[in-house]
Each structure stands twice: as C-alpha cells, then as structure tokens.
Amino acid sequence: MPTTPSLQDVLDAAEELWPRTLAESWDAVGLVAGRRDAPVQKIHFAVDPVSAVVEEACGAGAGLLITHHPLLLRGVTSVEAGTFKGEAVHRLIESGCALLTAHTNGDSAVGGVNDVLAELLGLQDHEPLKPVDDGLPEEGLGRIGALPQGMPLGEFASRVFGILPSVAGGVRVAGDRDAFVQRVALCGGAGDSLLDAARHAGADVYITGDLRHHPASEARENVRGGRPYLIDVSHFASEWMWLPAAAQALDRVLSDRGYEVEVAVSGINTDPWDFVLTPG
Amino acid sequence: MPTTPSLQDVLDAAEELWPRTLAESWDAVGLVAGRRDAPVQKIHFAVDPVSAVVEEACGAGAGLLITHHPLLLRGVTSVEAGTFKGEAVHRLIESGCALLTAHTNGDSAVGGVNDVLAELLGLQDHEPLKPVDDGLPEEGLGRIGALPQGMPLGEFASRVFGILPSVAGGVRVAGDRDAFVQRVALCGGAGDSLLDAARHAGADVYITGDLRHHPASEARENVRGGRPYLIDVSHFASEWMWLPAAAQALDRVLSDRGYEVEVAVSGINTDPWDFVLTPG
Amino acid sequence: MPTTPSLQDVLDAAEELWPRTLAESWDAVGLVAGRRDAPVQKIHFAVDPVSAVVEEACGAGAGLLITHHPLLLRGVTSVEAGTFKGEAVHRLIESGCALLTAHTNGDSAVGGVNDVLAELLGLQDHEPLKPVDDGLPEEGLGRIGALPQGMPLGEFASRVFGILPSVAGGVRVAGDRDAFVQRVALCGGAGDSLLDAARHAGADVYITGDLRHHPASEARENVRGGRPYLIDVSHFASEWMWLPAAAQALDRVLSDRGYEVEVAVSGINTDPWDFVLTPG
Amino acid sequence: MPTTPSLQDVLDAAEELWPRTLAESWDAVGLVAGRRDAPVQKIHFAVDPVSAVVEEACGAGAGLLITHHPLLLRGVTSVEAGTFKGEAVHRLIESGCALLTAHTNGDSAVGGVNDVLAELLGLQDHEPLKPVDDGLPEEGLGRIGALPQGMPLGEFASRVFGILPSVAGGVRVAGDRDAFVQRVALCGGAGDSLLDAARHAGADVYITGDLRHHPASEARENVRGGRPYLIDVSHFASEWMWLPAAAQALDRVLSDRGYEVEVAVSGINTDPWDFVLTPG
Amino acid sequence: MPTTPSLQDVLDAAEELWPRTLAESWDAVGLVAGRRDAPVQKIHFAVDPVSAVVEEACGAGAGLLITHHPLLLRGVTSVEAGTFKGEAVHRLIESGCALLTAHTNGDSAVGGVNDVLAELLGLQDHEPLKPVDDGLPEEGLGRIGALPQGMPLGEFASRVFGILPSVAGGVRVAGDRDAFVQRVALCGGAGDSLLDAARHAGADVYITGDLRHHPASEARENVRGGRPYLIDVSHFASEWMWLPAAAQALDRVLSDRGYEVEVAVSGINTDPWDFVLTPG
Amino acid sequence: MPTTPSLQDVLDAAEELWPRTLAESWDAVGLVAGRRDAPVQKIHFAVDPVSAVVEEACGAGAGLLITHHPLLLRGVTSVEAGTFKGEAVHRLIESGCALLTAHTNGDSAVGGVNDVLAELLGLQDHEPLKPVDDGLPEEGLGRIGALPQGMPLGEFASRVFGILPSVAGGVRVAGDRDAFVQRVALCGGAGDSLLDAARHAGADVYITGDLRHHPASEARENVRGGRPYLIDVSHFASEWMWLPAAAQALDRVLSDRGYEVEVAVSGINTDPWDFVLTPG
C-alpha cells in the first residue's frame, strides 16, 4: 500500500530526474526552505516563486512547491518579510510548504525544459546546442533538430504560437514569412548566450525568449538577414510547457518507489505583461 | 554667404549639443571613422549603424553618418571586412563617409533622447531620473514628470503607441487598464537599470524598452502589482524619436556658425522584428 | 496609557540607539526575520543566535530576539532547515519571533559594547581607538582611557576577571604581574585588528578576545616584551556585558515613545568552552 | 671519521626529511639567511624565530637555527634593524647563524608535527585529514586515528594536557566530560580550516590550537553539541612536541651521510601568555 | 597557367606557414583590414605598419601588406584618421590594400624569425628556448644551439653586427671581449622574458633586443659577470632578417597551389634612431 | 666641535632633502639594512646596489651606502646569500654598512635627479613634467624648460653627450640633425611613461633612457616625424649625474646640524654594456 513520502524522499526522486550536477556553476538550485523529515502529500509545480504562486500553493495545502526559477539566486543576509522574497519565505514556512528549485538542471536534463519543447515541436534526432561538460550526450542547454517536413517560416511561427500557452505579448519573428525552414534550434527561457551556437549548428530558425535589441540586431546583421531566423517567445511560456511533464515524471518515480502524492501544476500566468497594443 | 563645414567644424557643433563628458564611463562615443579636414555637405542620422543604414547613407552621398548606437562599443583588434562591423568600416571609408556616435551623451543632454520623449508625451516639470554627477540639473538619464491631466493606463498606453513609429512588436503593458496614471517616468532604449529609480521617484508608470522577464517580474513583485506600472516599448522606436530633433538642432547650430549642410533622417526601421502573432 | 509597539516601532527605536550607518562595510546588520507590522510584547537579548538561544526566546514567547552576532553574515541562497542557520530561521518564523542584529553598529555606538566595558572598568576620558569615518568623535571601534589610579597588571587582570561573566577559559595575560598599568585600551569581541592602534595610542594594557598565537606573539615582539601588555578575554563574555545596558536603553526609548514592552537578557553561556585544564 | 657539514649539506638532509614540495602554496619555507658554504657544527631547533630564541641560538654559537614558523611569511622590502624581524636578520648574520624554516612541509611530512602528535597520543592506523595533492598517502595536514581503548572525554583531555609542555593557558575543552571518545582527529598549530574535515572523518574529538569564538561556536552548532568534541591547545605547545623528534631525525640523516653535528632544542616557552585567571 | 589569388587564398597559404595557434595568448594576429574576395597581385612585407611603410605599399599598388608587428595590439573603439593608426586604416582601405599581421606566430613557426636568425648565425642542432605548449618540438620562442667552432665574444659580436642590417645604434655587448663563446641563445625582437631561460639552457651568450638597464643589470649580477654574456641588437633589425625568407616561403606555397603573385620586401629602416654618438 | 652622527641622524637629514612622501606608490624607498643607533663616519653614494658597489663601499669602511635604485623593490621572503641580493644583504650587515634607497623621492625632489640634469643643461624656468599630487610645484617627475639659445639638434645631442659620464652605448638620437631645438624635456632613468607629457608640454626634444622600439616608434609616428625629437641616454649615466650634488647636499645639511661625515661618490660604471659596434 502506497505511503506518504517525507520531503527527503521527494528530494531523492527529484535528484534522479534533475541531478544537481547538471546545474550551471552560477546557478542556485536545490532545497530553499522546508524540513526534510516533514511528510509531503501534495506537490505544486510553477515557473516563478512569486507571491500569487506561493499563495496558491499554500492555499491548496501543498507540502512542497517546485519552481523552475530560484527565489534566492543571489545570496541574501536577511529574509525579513518586508521584501517579496522574504515574504515568500515567511508564508512558506508558516504554511509548512517547502520550496525546491530545479533551474538549469531542469533545463539540461533528459526530459527537461528543452527536451519537452523539442518533442512538442516534433523535432527529430535532436541534441543539445551546448552539451554539459561531464554527462550524457543527451544532456545540456538548448536543442537542435529537424522538422519531419519543412515549411514556410510564417507557418512554423503559427505552430509555435499555437503550442505555447497564450500570453499577451505573443510571438515575435525576425525573418521572411515565406522562407522555408526545417532545421530548428531552441532554448527555453532567455537564450541569447546560444545565438552563436544556433548559427554554427546550421539552424534555419532559433526559438528563445527575452531577446533584446542589440543581441537580436547583431545576430541578424551577422547573417546579413539570412538564416537562422529568430522567434522570440515568452520566457514564462517556454518554460511552463515543462511543468506537466515534470509533474508526471516525478509522480511516476515516487510511485515506482511505493509513495503516493498528489501533484498539481499552477495555472497562474506569471508572464509580467497584461496587455499589448500592436499595429495589426 | 554660408560655406561648407569641415568634419571638424561639425564635430565642434555636435560637442556643443551632446558633450562627451555626459557619456557614461563604459560607453564609446565620438568620431569612429573619417578625416577631420574633409568637407561635409550631407549629414545622415540613424539609430543603428547596421548595413542597410550604412548603405543608405553612402548611397545618398552623405559625408557623415551620426548614429545613436556605437559601432565598436567593445575594442576591436581588426576591422577586416569579413564581419559586419568591419564591412561597415570599409564601406564608410571607401565612400568618404565619416561615422559619429552620440550615445549616452545623446541620452543625457538637454534636448536629447529622454527630453524629446518627455516633450512628446507632454510631461510637465520633468527632470532626470538619474542626474549626471557633474553637470546641469537638467542633464542625466531618464526623465520623470507629470501629465497635465491624468488618465487610465489603457488610454495612456494608446497615446504612447500612437506617438512612436510603428514596429511589429508594438507596446506591452503590465498593469490594470483602468488604473489612473499621471506621474510618468521614462527612459529611451534599455532602461531596466532605472526600475528602482522610477519606483523611488513615485512614478505611476514607467516607460522603457528591452524589459526581460526577471527584471519586469521582480519590479512587479516589489510593488505587489501596484504602481509604477510598466510600458515596454521598442528600443529602436523610443530612440528614433530623437533623430528629427537632433538633426534640426545640429542644422541650427551649424547655421548659426555660418555653415550650410543638408540633414536627413533615415527612414529604415532597424527594430529586429518583422512580424508578430498575438492572441488578440 | 502605554501601548504595545509594532516590530517597526521597535526597529525605529533601535535605529536611534545603534544606527545602521555605524556598521562596518563588511557587516550584515538589521532585521533578519520577522514581519514589521507584528506586535512585539517581549524582547529577548543575547550574544549569539545559536539553537539554545533561539529555543529560549521562542519558548518564552518573545516577539523579537536581538543578538549581537549576525545569523547570516555571508549571503545564503537557501534557508532549508537541514543546517543550524536554516533551522533557526524556521523555528523563529514558526514561532512568530523576529530576529534583529546589532553587531558593529552595537560596538561603535555611544553606549555600545565598548562604552559599557570602558565604564565598567572605570576608565576616564575614554575615546574610540578607531573613530568612525563620518560620525561623532565618541563613536567608533575600541576605547582608550585611563584608570583613576594605576595598579599592578596582576591586580588589574583580577579586576577584569571579576567584572566579566564567568566562563571556563577565564582570562589570559601576557606581561609582568608587577608592572604598573594605568592607560587602558580595550575592544569587545575579536580585536586583533586594533593591536597596532592600541600601541600607537600609548596603552599600558590592551584587553580584547580571540587573540591567536601569531598576532599576540608579533605584538609582544614589536614592543620587546614591554607595553602594552595583553589581556585576552572570552569573546562572548566581553560582549555579554553590553546586553543588560542595551536592554535597559531600548526599554527606556520605547517607554519615552509611549510603548510598553518586556525585556529580558539571555542567561545562556554561549562561550564554546565547557571546561579547562590549567597548570595552576 | 665524521666531518663537519656545510650548510648546503644540512639543507640536503633537511630536504630529505621535510621536502619543500610538501609546503602549502601560500607558505614561505626554506633557507631565510646564511651562506651555503659555511660549516655548521651546532644546530638549534625552535618553534618561533623570536628575539629570545635568536639570542639563545646565537649565544650558543649555533651555525643554524631551524624554526617551524617563518620569519618573513609576507615579503619584505627592508630588513633594517628597527623592526624585530630586521633585528633578527641582523643578529643572525652578524653571528654567522643561518635560519631555515620547515613550516607546512614540517607539518605534512612523515615524522612531522602531526605524526609526532599522533604517536604521542597512541593513535592507531592514523592517516592525514587532508592528504597532499601529489605525494604519499601518509603525507598531508592533520591526522585521524583511533585510541586502542576509548575513554571519557575528561580523561582524554587530561592525557592531552599531560603530554604537552606546560603553558599558562592550559587546555580548553568543548563537550561532555563523560562522553566516550575513541576516534581522534588532530592538527598541530592553528587548525580551524580542518574543522569540517574532522567532522566528515567521523572523529569523536578534534584537537588543535587557536580556535576562535565563531569557528568553534559554528562547529558545535553544526553537530548540535555532539561529536566531534573540541580540545583547544596551545599553538606553540602542539608544535613544540615535534622539535626533539625533528632534531633526532636530522642528526641521524647527517650521521648516515658521515657528518657530525651537535643538535639542541630550545627550552624557551614562546607561547605569548604568562599567566591565567580561571574560575576553578 | 598561374592565376591571381584572392586575399582568402593568400590567407590560407599564410596559415600553413605561420599558424594562428602558435601566437601567444596576449597577441593579436591575423587579418586586420581588407576584403577576403579581393584579388591580390602584389604582396609587400615589412616589420612595422608605420606611415612610411603603408605609403610605400599603397604607392606600389600592393594588394596586401604583411607586417610582423600588429597595428592594433590593444582593442580600439575608433579608427578615425586623427591618430596614426586610424590614418593607416584609412590609407589602406582607400587604396584597396589589405593588412595581415604575423607576429608571435611568425616568431615561433618553423622557418620563422628565430629560425632564420639561428640559420644565419650557423647554429647547429638548435631548438626553441621556450617550446609552444601544443605543437611540434621545433616550434616556440627563442632558439638555442651551438656554433660549429667557438670564438672570442668580440669576434662573435662582429659577426652578429655584420649579418644584421645596419642601424644607427649598432650592437651593444656586455661581457669580456676575449671570452670564448660557442653555445648561443637568441630571441628576435624584445626578449628580456627569456633571460632566465637562456641562462638555464647553459648559453655562453644571449642575443636579443630592447634590453633595459634593470633586466640587463640583474642578469649580469645573477651570473656574477660570467656567462651568458649579452648582445643587445636592434629590435627592428633582428626581425627584418626574417622578411626575405618569409616572402620567399609564401611565394613558393602560393606557386605550389597554382597562384602567381609579386612579392617585395620593404627597404625602409623603421628602427626609430637616426644617429648615435659614442665614445669610440 | 662637530660630532659623528648616528644612522638615525643621517636619515633625518636625508628625509629633509628627499622626503619619503615624494616617492611613487609602487616604489620601496628608505632604510633597507642597518642599525639606527650605529655611528656613521663615511657615506658612499652610487646608482646601483650591485656587488661591485657593495664591495667598494664595505671595502672603504663606509657606514652607509646610499643608492638610487632599490635592492628589494619587490618583497622577498628570504635574504639567504645564494642570490646576489641576499649576498649584498650579508656583506653589508657583516661589514656594518647600512643601505638607504632614495629612488623616486630622489627623482622628484628639489635638487633631485631631474633638477640636476636640467641645471647641467642650462634649462631656464624649468618645472616638472608630472608634478606630485601633494607637494610643491617644483617637485615631481621629469622637467621641462628652455635653453637660453636654441641650436640644431645635432649640436644639442653633442652637448648632452659631453655632459654625461662616458658609457659604451653613448647617446642615440631620433630626429633631424639640423632641426632647431630650444624647449627641452627630460627624465632621468627610464622615462617612457612621460613621452606623452613631453609632447603635450610642447617640447622640441625629450631626453630619457631605456627607450624600447615600440614606445619610441609610436612616439615618432604620433608626431609624424616632427617634434619632440628623442634623445635616448644611458639609464645609469643620467642618474649618476645626481650623485655628486646629492653627496654635497647631504654633507651640508649634516654640517649645519653640527655633524661631521666623509662623503664619497662611487666611480664604478654600472651601465651593463661593455663595448659597442656601430656603423660609423
């Protein structure tokens, strides 16, 4: 008969899926708050540990909130409740809800953010754009692979738009609507550091988020307006896609170990933009 | 009878308008290419020294291209034509067209990028968000001031949208459409470094460009969804607004000194995005 | 009729006594945990935020624990309960007890650690060994002053021993028992950085804690076995002396502002040493 | 027939016992003063190159003083006699007495400071706490091993006290007198950098010197008052133990090479503390 | 029938002779100006890209100037013509003359600056003083080898003087005219960083340029006036020797690939000194 | 009746002439070896503390050697006699001869190296090229002034050559023999850091030592072969000129204070070059 796991039991299962060794050196992943011997019946998944999400998880009686983004990426010497980060720490501890971060380890892992995006787009033979130094060849940041059938950039952008959760800002594209694309590079979240890798990998189009004027402009100039074209998506939306898969995977690992938990994915849109005005 | 100025004569006039001492310490402003004794009959203004713009200026027979963004912000040890920056250097020198950068000095100056935006929005009693260390109180990065009459955020966003040149991505807004706003902070270009300054200055809304997920999300969390609301505009569009005013001001200073030149503002949209798909 | 202050009210009173601007640049002082709008009826004072002290404060129902030493001197990216620091954060928040640090600001302030020690020893005309950069001449680290009447070093050491709370390690002395001392320098806590200042100030004897072999040996060699002699006291004991005075001062300021609180000083000895074997 | 060695001959023998490659990267070991072709008839050993020791060695007509601690750990641009270090250089050179430092190489070597302490305490199967990077497994800082028979902490502390040369401060202990200890970690001199290594190695008790409040307090909190307990000994005393063994070992190596020297160990107590007042 | 190569074809040939991987990490070698698809009929070689040399190359209609010294060793953010470096960039681009630097890769390569000097001096079995980290054992900075027959230092200096192009400052020698020398170390250009390497390699004499007072004085003191003696030659002259060999080698590689070019070596003396007054 | 001063008395007099506050921040000036209470009857002056100079001073029974160059510019952790610097320390201490360095303080002082050179050349109204930050306007590095009557560069170079002590390398000149020069900048020792200062000060010619290829070449290119011309002199010779004046000045100050000493200037040429071969 399945039993309720302790927080430590859940951490062990999470480590199997998203090993800490896959995290980038600058990152801060792992357990942020909580007692390792506390029982965990409900696990909540979200992209951002913002106040609405913390409220949602605590209100639902979750014993653990797993987010993609770290609450305390840079070290703090205070968690007093006067800042939103300190408020989150207080609310979580008061509610007995632990907080776990799976950030760049969640990006690079097999079945992580980038793998899920590649699968949803139907990419074949995809591999990391930047493999991890010590790890499997399937592990690393970004992915590159091929569509089974090429199509015009405009059509492909519509497909991307259709797959992602709807956010106000939508999807921005740099390139010719009619250009044919088949080889696709992608990086969930903010991927400007992989613009060169996508070009060198021969991508027809590169999908990522948070592209600012200068990196995008230089990338377009470097290829004289040619390939790879760019698709700028919502940082949040690109990472949200991973949550259902992550929840299911953790549930399965725990179940295999004889534990029973309830998993849930946050429905809150934490993309910061509420509405948009466009020329169309 | 008016005479044709030398490049040095034009540099002297530009220095009066956008003094180099106003540039940030990390910036690289001033003359990038050209001979100071060459006569300058036509002056071309643009935001970005990208290939289409260089082509436009050289094709028009300009003797000087003035851009907001530096071509060589980080030092280079080669200008060979195999990179787009080296290609620009070759094309400019071969065409006898000089290149001058007025970047953060063009932002901070009286009559600069931020002043022009503030005027177009009708802000009253505006002053810099971050005054320069040694200079006039009117000089510095960003501006904050008040609308003569407050209005709902949605209406104000429409006004911003209407003033800026049309680009694919339009204008993104974080906040409640119906919230009343009157006190407006702004920073042309990429202004995430002034998010705290805008809040501390008591702004109802802050307009800038290139806002990524984390700075925007943290800014929204810091104020628990309240003021200042955020309006994210095109980096390019926000800076393009300055060009006609800058061209006119330089023309006037040269004219006052007895020189005659022809000034022109580039009509090329160098915002990197070509089209957008939004939920609306 | 006196009322119960909020945590913010207490912070305001503490700021008057031990201003944050007096803290050294490397220090981390101020509020570490707690909600600023919570009412505070009981305030607990201690030197170290160790587990026994946290337990004592929470067990007594304190709303605020004020310690001299910071819990999080170096920034942390996690407060999970598996470390003693994270455990303290959890215990405090779960108990609704805030934590405030008054460290080097508590050393340098008028009426702070060093002033209390100087007064207890009866030093006259004492002043800081290292005055703060911007502040009153009475503010700074360490103190130097004169005994009303000089005495042999051995007798003076006995007086120091008699004043301090009893700890296992007692008081260690370097110098000649019969040498006459009158001019006394001191620094609560670990004061090896002020050994030179004490010598240059013409001290006959310097009292501080945590003196290791090399700093002490070099200080003795520098003066060829002469003055200043050294008295090494317990780091904890030298700082504990301040607690009753600090509690009384805060109580008085709050009372002057119309607030009523209960103050208490921890009786737990947090000097790490339990027993000692000496030749005597 | 045995002959008198040159200084270089003695350096060669010392290198065999305490190889320079065993020194830590920040250390400054080797010959500090002296002429390599000078004959050496008497060799004096001491912990600290302080003035009384230099006087003792020169007064005894030694041709070489070997100390554990470096005279010039940080580089100097002057050796004028106005500082005690410059005075030592002058006195040594004027007396024709060379100075050799065997510091962390003397700690880590087989038969070095830590080995001697481990042997005197009767530890079995002891090995380094922090093995050197390139070297034998027996070489490194600190040692950990087991007593043939466990005993209460109080009894063990008495044994430590009884073995070490008598100094004013004696021996301080953190832990329960009656707790049973068998697995012992130790580090001669100041070993706070190995507190974690001692815990991870499963020590019941860790012996070292110069433990200050914060490292000791954090180490006790980390283990919730449990094992390893701490015994803080005199930095000087813990290193002095090595001198007789070192003198004998060097004498033997020189003898094996056909040289005859006279070796002597300084009897001067260079622990800085002269007397102590304790509660007992 | 031989054809005219493009600049890229010439770069490919140069890479075979002086691979970029041989350059020191701080160096800036490779193409500095020019279009890779331009045809190159004439190639000009020189040590320094100074104005007279640029004028000579452009005046002769060269399509490529290859210099040993970099024009832009430290990165620049402007190439405006008001500096001599910017003037050179303008003159070269306006004349359609590319610029290629072969600096430390030209020193270390087989057949490079140091090899040519060693051959001209008749050194046997010579090898690098500082071999490259990853490369052939014949590649690296400096050379050391033996004269077939030794000779007095004065005679050898005359031979060095006779081989090098004549410059005003001539050749300076530190050492005894009559001392016998056979083992010779050398480094073209400024080789003070290899003074120790030459001594450790057992050289009787070390030839290099730009030796200042302190390095030369310390090198002489280190050997108590003995070997290696020093011969200080003109930085320019020592590197000019390489030009004819480099021109011939490049011509041959291009010819082997079916290309025809005209190569020329600059006759301009770019040693900065015009005349000298000596005691003789 | 005049008395023999102690070393401290001499240091006090030297401080009046060449205050330590005038030394550059990177420099290491002041007393390097010796006992401050030792009597000083003979004082020896030299440029370099090399072995021959130390031998000369000790052989002459000097109680103090004053050199321009520091023996220990970079800190050392050993003074063993196996290096020439350690040998010098041993020889000096064994002979009871102290060592004092007056380096950049000796350059910048009124009556220092640069002033002496300016006076010997007959410069009028000379002032420092780089005044000290806090000091008199007459104090600083380098000097610039005017000859009473201008003359051709060739004639002026001959005058420089005639004034300086004869060394093998002589004097090297960059510029036109017949060009008229009147405004003269100079810097004793190695003055490449003041090349720009000399140009900006409007010098016709700049005299200094140790000019290497690149600084000299760039300085000549910067002025398109025009003014300032360069005269490169022996580092040693340019500084030796100061010694007689320094000896006389110190003698006078001591005499004014009632002390009698014997002063001597070393006649050893410590320029490293023994002979030269030139085209002439």
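In this document, chain identifiers A, B, C, D, E and F correspond to the written order of the chains, with residue numbering beginning at 1 in each.
Note that in this section a residue touches a chain if its C-beta (ideal position, glycine included) is under 8 Å from a C-beta of that chain, and two chains touch if they have at least 3 such contacts.
For clarity, every value in this text was computed on a predicted model and none was experimentally measured.
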Contact-graph distance - origin subunit D, target subunit E: 2
Rotational angle, Cα trace of subunit C fitted to subunit D, multiple of 5°: 180
Subunit B and subunit E: spacing of chain centres that average the CA atoms, whole Å: 47
Separation of mean Cα positions, subunit F and subunit A [Å, integer]: 67
Centre-to-centre distance between subunit F and subunit E (centres being mean Cα positions), rounded to whole Å: 34
Where subunit D touches two or more other chains, by residue: none
Arrangement of touching chains [line / ring / star / complete / other]: ring
Sequence of chains encountered when the ring is traversed from subunit E in the direction of subunit F: E, F, D, C, A, B
Of subunit A, residues touching subunit B in the complex: 48, 50-51, 69, 83-84, 154, 157-158, 161, 166-177, 189-190, 209-214, 216-222, 224, 230, 232, 234-236, 270-280
Contact set on subunit B toward subunit E in their complex: 28, 30-36, 70, 72-82, 86, 89-90, 93-94, 98
